[in-house]
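The following pair of complexes shares a single chain, subunit A, combined with subunit B in the former and subunit C in the latter.
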Partner chain A sequence: MAVPLKYNFRNLRVRWRLTLATMLGIALVVAVFVMIMALARGLKATYVSTGDPRNLLVLRKGSTAESSSQITRNEVRLIKYLDGIARDTDGEPLASAEILVLINLDRLDRTGTANVLVRGIGPVGLRLRTNIRLVEGRMFRPGLHECVVSRKIANRFANCRVGEQFRSGRTLWRVVGIFEAAKTAYESEIWVDADEARDVFKRNFYGSILIRPVEDTAAVATMIKRMEADKQLSIRVLPETEYYLEQTKTAAPIQWLGGVLAVVMSIGAAFSAMNTMYAAVSARTREIGTLRVLGFRRRHIYVSFLLESVILALLGGAVGCLFSLPLNGMATGTMSWTTFSEVAFEFRITPELLMKGMAFALVMGVLGGLLPARLAARKPVLDALRSA
Partner chain B sequence: MTIPGFILRNAFRNKRRLMLTLLSVTLSLFLFTMLQTALRELTQPAQTDESALRVVARHKVSLGNVLPVKHQSRIERIPGVHTCMKLTWFGGIYKDPKDFFPQFAVDADKITDIFSEAQFDPQEMAAFLKDRAACVVGIKTMDRFGWKIGDKITLQGTIWPCDPQLTIRAVYRGGIDETNLFFHHEYMDELCGKPSLCGTFWIRAENAEAIPGLIQRIDETFANTDAETKTETERAFVLEFVSMIGNVKVLIGSICSVIVFTMILVTASTMSMAIRERSREIAILKAIGYDGWQIFSLILAESFGLALTGGVLGCFGAWFGTWLMFQHVNIAAVSNGMFIKFEVTPHIVVSGMLIAVVLGLVSCLAPAYSSIRMSVVTGLKELD
Partner chain C sequence: MNADPIVQIRDLTKLYRHGEIDVTALNCVSLDIAAGEFVALMGPSGSGKSTLLHIIAGVDRATSGQCIVQGTDVGTLNETELADWRNNHVGFVFQTFNLIPVLTAFENVELPLLLTSLSSSERRAHVEAALELVGLADRMRHLPRQLSGGQEQRVAIARALVTDPTLLVADEPTGNLDAHSAAEILALLQILNRTAGKTVILVTHDPKAAAYASRTLHLEKGELLNGSSQSSVVSSQ
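After this line comes the complex of A and B, so read on.
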């Protein structure tokens, strides 16, 4: 028969000061881990959820970012009417030539500036993206220097609310609407009319073409092969989802930081758990002797102390998870290394991440408890009883 | 037995506990030092007398917009301008996107004037100037890929539609970021069909006093043209980049305070464990005539000793550790160019040690207070 768990809980309660201090130490480590990982996860989730698997993105050959890619108007003409591109009911091909321009805007709190992506887009482009929702105002009208801004950008940059105007270069853009895009990377963009953007930003080319091919995989494969082999075209075709997936690498340094910090900090916390458990063992030497006399085996003692350490750590882990929870959904931003522009996203704490935090606490508990539990189990019965 | 001997004996009475606590203090202060170093590297770009003379002009809309090359001659005519150099971010791929290092197309003949703090070999530079398809590379990138002078490399353009084939003709060391590659702007223009565009202009002012007026005059010169400029000091230019990464200060600052807080928690509980099991001895000390303050200073000395040893091990460990790391790891490559020097400064070590001092003081307060207040009789009654 194992030593009842109640015994461990009572012991933790009796030495509550020490228990609390150790628990809090573990809690803080778990909280830091969960928070940093939630940052990385939110950033990754933004890119993973962006793009429609049915769409293909056309960029200039060798280009890694839409913002620095160039597609000539001639290329646009050639690509638009290729076989294999789906058409709408009016017979218009579902191909959207777009331009992405980086502009520097003041932050809302006026602490500085950051680059934001302006996407020049047309009606077809809007139709190819299904998860866009206008939540305020109306869509822009071409020719009037109007734009719609994502909710996240509106919350982070100055003069981006409906009715306000912001200046870029010599042009004033009037914000006429706010959109949401289901937490995708589009939520870090400002949208304007494509031809107007080319005119204002002096681009005689486009940046990319988003196309929707027909639903026939074989036909699509031949189309892509033909496009990439065409001597007149110097382009690269890839699924829209893949383009965004590649950008999840932006989260790598954050993940790295989280991992290193968590490991080093957890070593410190495991030491503190070990200290606590050693103190517990030495204070209860007599009790250990008594338990042995009552018929509990060495392995029972061993398991009991190990369990106590694990309980201590798991309590700490749970508190740590609770500490981190208020951060869930909090908006923040960083720079994308692909486009050199601000990407706005949210901390994302998932049940899986909390489980990881708890697993982390468990490891700290086991590491902290192993040696003290062994010490407790090895105490000779008589010596233990004799000790003061 | 002397007083210091007595304190030492007490400190070492439970060696295991001492070691565990010491190690966790060491680790915490090590982390603290490393994080502060990272923060410093990100938020305080190195400022030298030379870099203080440099200003950068970019397109007003954003760095993503390019400027016409014809701006250069107009900038050069502005009084106070010593040299004006085109500098364009090439952003090409060498073999694999993972092999990232910064590449710039520049006016080859002006690079030694602009980056005058870097050490260029005059003979090598002469060879670099003569060969249009030549490049000059920082020592760290040379070492990273094991390149030698005379090697040929190809960069695949991602922003500019050309793939320059370059011959390494010169190496530079010191002063500026040692991971850059510079090549002839003319060569890039030629390959890309002479677009007559460039990313930025780097300007060396004749003296520091001229800079504010210079910045204003450059921007005024191009106001209301198709390509307006925004000119700022090199330092402001770099800081703007850093600010875009996010609120690094808040992130690292809060992690550091969590670390310090956890460390205080751990050490304070160790100290109270250590003092509580000694309450009988403390009562005896009191009985033979030690007063509360003397006992307090004994406990304080012990906790100070613990904290300071941890501080020395942690902070100097980080100092030594980063130095050691530098001998074997190319930190710029590992961190994708984010960290270049990663230098632990005396200032950071001192602040780490100050935290150790505070730690020593704070962690003994609670146990010392209770043991001073405790009466001799209660203390003697304690069993364990």
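After this line comes the complex of A and C, so read on.
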């Protein structure tokens, strides 16, 4: 690179208004890109971190979500006492028949209502989930219409704090505790007693069974095969972690939308960069001619103007990344397309995502700079010198 | 003084195309310039003096004929070779100074050296020496807009000199200057010619400027008027 970079930096500074306007355009695109990707990532991370690799989830054959799965009480009995399921110290099998129901709750800010998942769960289910922590109040007691609510739901929905009550159907549920679930998908749930839930929501079936097989990987694989092949059962068995990984599909539409939006916006920003660079070439034609007379080659001129466009775009990209940073860790919620309920999650802006944002800016800079740089490099020396 | 011609021009013709019509800028010009000469090219506007200068400096190309500068037939070089050749062999001084506005005097003079293999400290030494030579050692950190016209042109001369080319070409270097600054610039060119042995080719329409030269060539309608165009080295001692 023969033409010094300070030449580009100082020229960008001299035409600071145009530089700033172009930078802001690129910054906006990068910020939107990073934010949407951070949203998709936060959502994905929520699912990816959910589930214990030691647990297996049993669903109705063909079901993709717990909320749409049905396991009869008879099947629950059969599954619970299958060989290969671990037992606790009292000899009780580590199998938790659960039910997931959607209820409608008012948002805390009174902007409307949203679906929230209510999980009917028993003591074994609580034992199978190790990353749940009660941070306020106490655990629910069966038969008293009590529930515990995740911290994120409590923060986003009305009447969900300890001591408060919310109505669902004809039942009034009393909140007796708040739990945290280490940023997993459980942070979007309300937990009640399983049998009480079946009674209140009038279900004579369960949704799923979470089981803990004895720890032997080879045996687990055979066990899954045996269970799925069992003629008496019509079930699907998969590791709990895998189930939640499947749920990351929720993030796909957001990611797709973000990608399309970013690409469309980036075309505009690249044109803006191109316009700025054409203006720069036009204003500096005589300088180009002078540099050529001094011995700079066409390639030097080309690289110099392309670099200037890239510098401009990277400056914009950096500003865009800064714009997006305050969003990191911010909690929000969105509708899950697999459970049709509110999923609470946090925006996740990672260094890798910022690098992607910068790479995106780089692409805009290169695309915007290619043609103006070519024009600059191709100017005949004498014509360039004679330009006003 | 070395009497070998540094510039040998044979039957040089340059045609410009203006729409359907060919305009002859230079018509079969032949000319020798010896090393160490200070030649003034004079003539009215459109006489072809600048065109001739541009071809000698490798900025423009002839339509036919030969232009050999320091043994190199300039017309045979491709764009890249020509750029390198200009950097190594010619120092160009413009009427409008053509300094890069965002770079300081030092940085402007340093530009041609960035294409060489000199280290940063060697470059610094060369730039400082060149600026010293033109009497602007104290203005190194100034931007062009902080300098007077005469000072700007002196920076431009330092830039033309810094690669130590044998040939200095100047296209109306005093055209944008007041009489006092013009005289200073011409005197500077004369000193460079006499003490540093630079061959100087000066394009001007001002007879006072031409008076600083050791030989004056007149062009009109693309042709040399003087018969004395072949190497008639005028001693400048």
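In the analysis below, the second predicted complex is superposed on the first by the 387 of 388 C-alpha atoms of A that agree within 3 Å, B and C clash if a C-alpha of one lies under 4 Å from a C-alpha of the other, contacts with A are read in each partner's own complex, and residues count from 1 in each chain.
Just so we're on the same page, a residue touches a chain if its C-beta (ideal position, glycine included) is under 8 Å from a C-beta of that chain, and two chains touch if they have at least 3 such contacts.
These numbers were taken from a predicted model, which means no experiment stands behind them.
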Fill in: Which superposed partner A:F296 touches (first subunit B, second subunit C, both, neither)
second
Worksheet item: Does subunit B (first) or subunit C (second) touch A:N275, or do both, or does neither?
Response: first
Practice prompt. Going by the touch definition up top, name the partner, subunit B or subunit C, that contacts more of subunit A.
Written response: B
Discussion item. For A:L385 in the superposed arrangement: first (subunit B), second (subunit C), both or neither?
Written reply: second
Fill in: Which of subunit B and subunit C A:R17 touches, first, second, both or neither
first
Practice prompt. With the two complexes superposed on chain A, say which partner A:G62 touches: subunit B (first), subunit C (second), both, or neither.
Written response: first
Worksheet, complete the sentence: So the subunit A residues that subunit B and subunit C both touch are none
Fill in: Residues of subunit A that touch subunit C when the two form their complex
2-4, 6-7, 10-11, 13-14, 286-287, 289-299, 381-382, 385
Fill in: subunit B to subunit A touching residues, read off their complex
16-17, 20-21, 23-24, 27-28, 30-31, 60-65, 91, 93, 97, 156-159, 161, 163, 224, 226, 228, 230, 240-241, 243-247, 255, 258-259, 261-263, 265-266, 268-270, 272-273, 335-336, 338, 383-384
Worksheet, complete the sentence: In their shared complex, subunit A is touched by residues of subunit C numbered 54, 57, 59-60, 79-80, 83-84, 86-88, 92, 94, 96, 98, 100-103, 107, 111-112, 114-115, 159, 163
Worksheet item: Where on subunit A is subunit B touching in the complex?
Response: 17-18, 21-22, 24-25, 28-29, 31-32, 60, 62-65, 67-68, 70, 101-104, 111-115, 168-170, 201-202, 234, 253, 261, 264-265, 267-269, 271-272, 274-276, 278-279, 283, 332-335, 337, 340-342, 388
